[in-house]
Amino acid sequence: MKKWIAGIIAAAAVIIGVGIYAYQAQQSNVVRIGYQPSDHHAALFVALAKHMFQKEGIKVETYEFKAGPPETQALAAGKIDVAYIGCVPAITAYCKGVPIKIVAGVNQGGSAIVVRKDEANKIKSIKDLKGKKIAELMKGSIQDCIIRMALRKYGLNPNKDVDLIEMSTFNAVQALGAKQIDAFIEPEPGPSLAVYKGYGVRLMDTQDILPNHQCCVLVMTKSFIRDHPDLAKKILKIHIEATKWINEHPKEAAEITAKKLHEPVKVEEIAMKHVIFSYNLNIPSMKIFANFLLKIGYIHHLPNWSDFVDLKLLKEVAG
Amino acid sequence: MEPVLEVKNLVKSYDDLLVLDHVSFDVHEGEFLAVVGPSGCGKTTLLRIIAGLEDYDEGEVLLRGEPIEGPGPDRAMVFQEYAVFPWKTVLENVMFAPLMRGLDPEEAERIARKYLKVVPGLEGFEDEYPKKLSGGMRQRVAIARALAAEPEILLMDEPFAAVDAQTRNRMQEELLKIWKETEKTILLVTHNVEEAVFLADRVMVLSNRPAKVVDVVDIDLPRPRDRTDPEFVRIRARILETLGAL
Amino acid sequence: MKRRSLALKVGTPVAVLIAWEVISRTGIISPVLLPPPSKVFAVFVEMPGQIAVNAATSLYRVAVGYSIAAVSGVTLGVLMGAYKDVETALDLLVEIIRPIPPIAWIPMAIVWFGIGDASAFFIIFIGAFFPILLSTRAGVKHVDRIYIEAALNLGADDKALIRHVLLPAALPEILTGLRTGLGVGWMCVVAAEMIAAKSGLGYMIIEAQRVLATDQVIAGMLTIGVLGLLMDRGFRALEKRLLAWM
């Protein structure tokens, strides 16, 4: 019997050992960046298209995620070092103990509620969404948070009065065209594409719900900032440069984004006008989101903002 | 008086293999007829045809003058293997045929209990499952179950072949008691000549395949018969001789 | 020997729990990725109502989907096992549909039945149906011919043959199929709820995962495991009672 216990302990030790080894083996000089197929992350697409990482001598690997929640899982598991991600999943992850910091803003606004064309005359406000089937990017995403805030503001229970279902942006556009859903809340270029194709009508932009709200942010793991401060600064510098470039060259930025997302340039030109590209952060709006997440039970305490949002690097790089 | 069962010129073959070659015989009311023959001669096939479990090629099988049509409880059979249903208790097994006749459960149970009394040794085991019973006991259940079908003729296919010699002798005596009590007509197939002579009014001897009737022996000995009685031994020897000459 | 096996049976899970707690507490693996067992068990204390409601929802879905699968699987299985024509007519169809994993039906289930109970019923039905059908068919085909002949001989018609012989004789295999089907159905409900429902244990897990509540995810998984174990144990006890005759 003692032999058995010794065997079990030995097996456990082996498992732990292999786990630690596998964990350590993750460390290398390639920067792994997560993003989503949305206009919000155009700064990354521009940086890649303009070979900005190469010019700084940085090797990057990019990983596409359907939405923010799976991206936070990759951050937690140490599969990526840097993430272009919505501030809502970032807040949730931080509060659940994922060691990350927000180092800069990516965009503000940039999502919209679109209703099916043949329902547009019936759905003129948020409260008309009662009983409707609404696609959202994913539970726990920024769109999920905003639609819940909006519905509750109009006295609707997001869990009972509407049917919220998860759908990726381009699937939601198709589903709206096929009349399988009544409305969606998705990031650009989803709304512009649905309008362009004649499937739907823009009910309101998320900016109309919470003006200039923070949307996506640039997040880095604490270990990446600690172990590779120089790389972290370079990534941030490139992000600032790319963001400025988008605002200075909207047409070319639309072309780059269109190519990356396989969408018509015409659509991207319209879509990107609905997104505010800025590396600065609208912290008050993030605090509103955090309070709301606490209220609906997604998080159990508020983040320690001074630890979570680290603007030292941004000040150093941007001056 | 019309015989209970008439078999006329029965022919049966499997593909090219002739098994029964123009077999004819009658079984009369209340008679106990035993059929003996070398193993594999086709006597079981003969019984299965009478039971309606197998087709035949030529000839006639008449039960009370009517041609048989498929299997039926009027020709209830006791099989060589223990064919009692293992998922039914002794009582449920014996109730089976009465229920199939469309009787309500109370009436079926009454009939079943009657035959459980007729077959010795079953009382007190009504609610047991067959797995608890010995081979001999299971065959007693099979006999009670066949009797409960209240058949015109009781068909028995080597019913005691699988039990030990001592049990076999006892069950043979029991069978005679049952036969006397119920006045059933019995057609029994066996390869055991002593068994045939001990039990039957007449013994029909079949030849090796293809089976033909080669001899019919009347056994006029009084019952209970003594297996050591010179006349018994003589008859048994005569039949064995007939079989041996084949 | 008995104490030794008990020590092993309980000792291994306890050792795993302790190792797990240590790994998680010391931060060797981040508590987000692997919350310590103490935190997982706290979930049961913090939100027993939510877990109970979701578990009840999942159980209800299994009850409905599984019942439909059980009735149709056993019925069709008996018909396919008993009638050659039915088997010939359906065999190819069954063989083509059977290898499709239940999960692969989810997209079509959503199109046909939408998000909710009906889709879950359908997926559970698909998952549970085939093990039940195939076991029943095999069980019926394996029924010893002697029992069928005995029943026909005693006057059973097709209906009685199915009820009194084929079903009880095939019951051991049918029950094995039903138990396997229940296990598959339980796995299917979780899978279906992850995609095609907005309540139940599967949905609870996905919902918790979206906001990185990994302690709730594992609590949900444990609930699924324990309920699955209880169902299997309950079914085995039922089997023992139903098969007392074996």
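Letters are used for the chains, namely A, B and C, taken in the order the chains are written, and counting of residues starts over at 1 for each.
Here is the rule we use: contacts are C-beta pairs under 8 Å (C-beta built on N, C-alpha and C of every residue); 3 or more make two chains touch, one makes a residue touch a chain.
The shown structure was predicted, so the numbers you read here are calculated from the model rather than taken from an experiment.
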Ask   = Which chain has its Cα centroid closest to the overall Cα centroid?
value = C
Distance-maximising chain from chain B - centres being C-alpha averages = A
Request  = Would you kindly tell me how far, in whole Å, the mean C-alpha position of chain C lies from that of chain B?
outcome  = 49
Key: chain A-chain B separation of Cα centroids, rounded to whole Å   = 86
Message = Counting only Cα atoms for the centres, state how far chain A is from chain C in Å.
response = 38
Request  = At least two other chains touched by the same residue of chain A: list those residues.
outcome  = none
Ask   = Tell me, which parts of chain C touch chain B in their complex?
value = 146-147, 149-157, 160, 164-165, 168-169, 171, 244-246
Contact set on chain C toward chain A in their complex = 4, 7-8, 11-12, 15-16, 19, 23, 28-33, 115, 198, 206-207, 209-214
In the complex, chain A residues that touch chain C = 1, 4-5, 8-9, 12, 15-16, 19-20, 23, 69, 72-73, 76-77, 92-93, 96-99, 138-140, 163, 165, 298-299
Ask   = Given the complex with chain C, which residues does chain B contribute to the contact?
value = 51-53, 70-73, 75-77, 79, 81, 83-88, 96-97, 100-101, 129-131, 145-146, 149
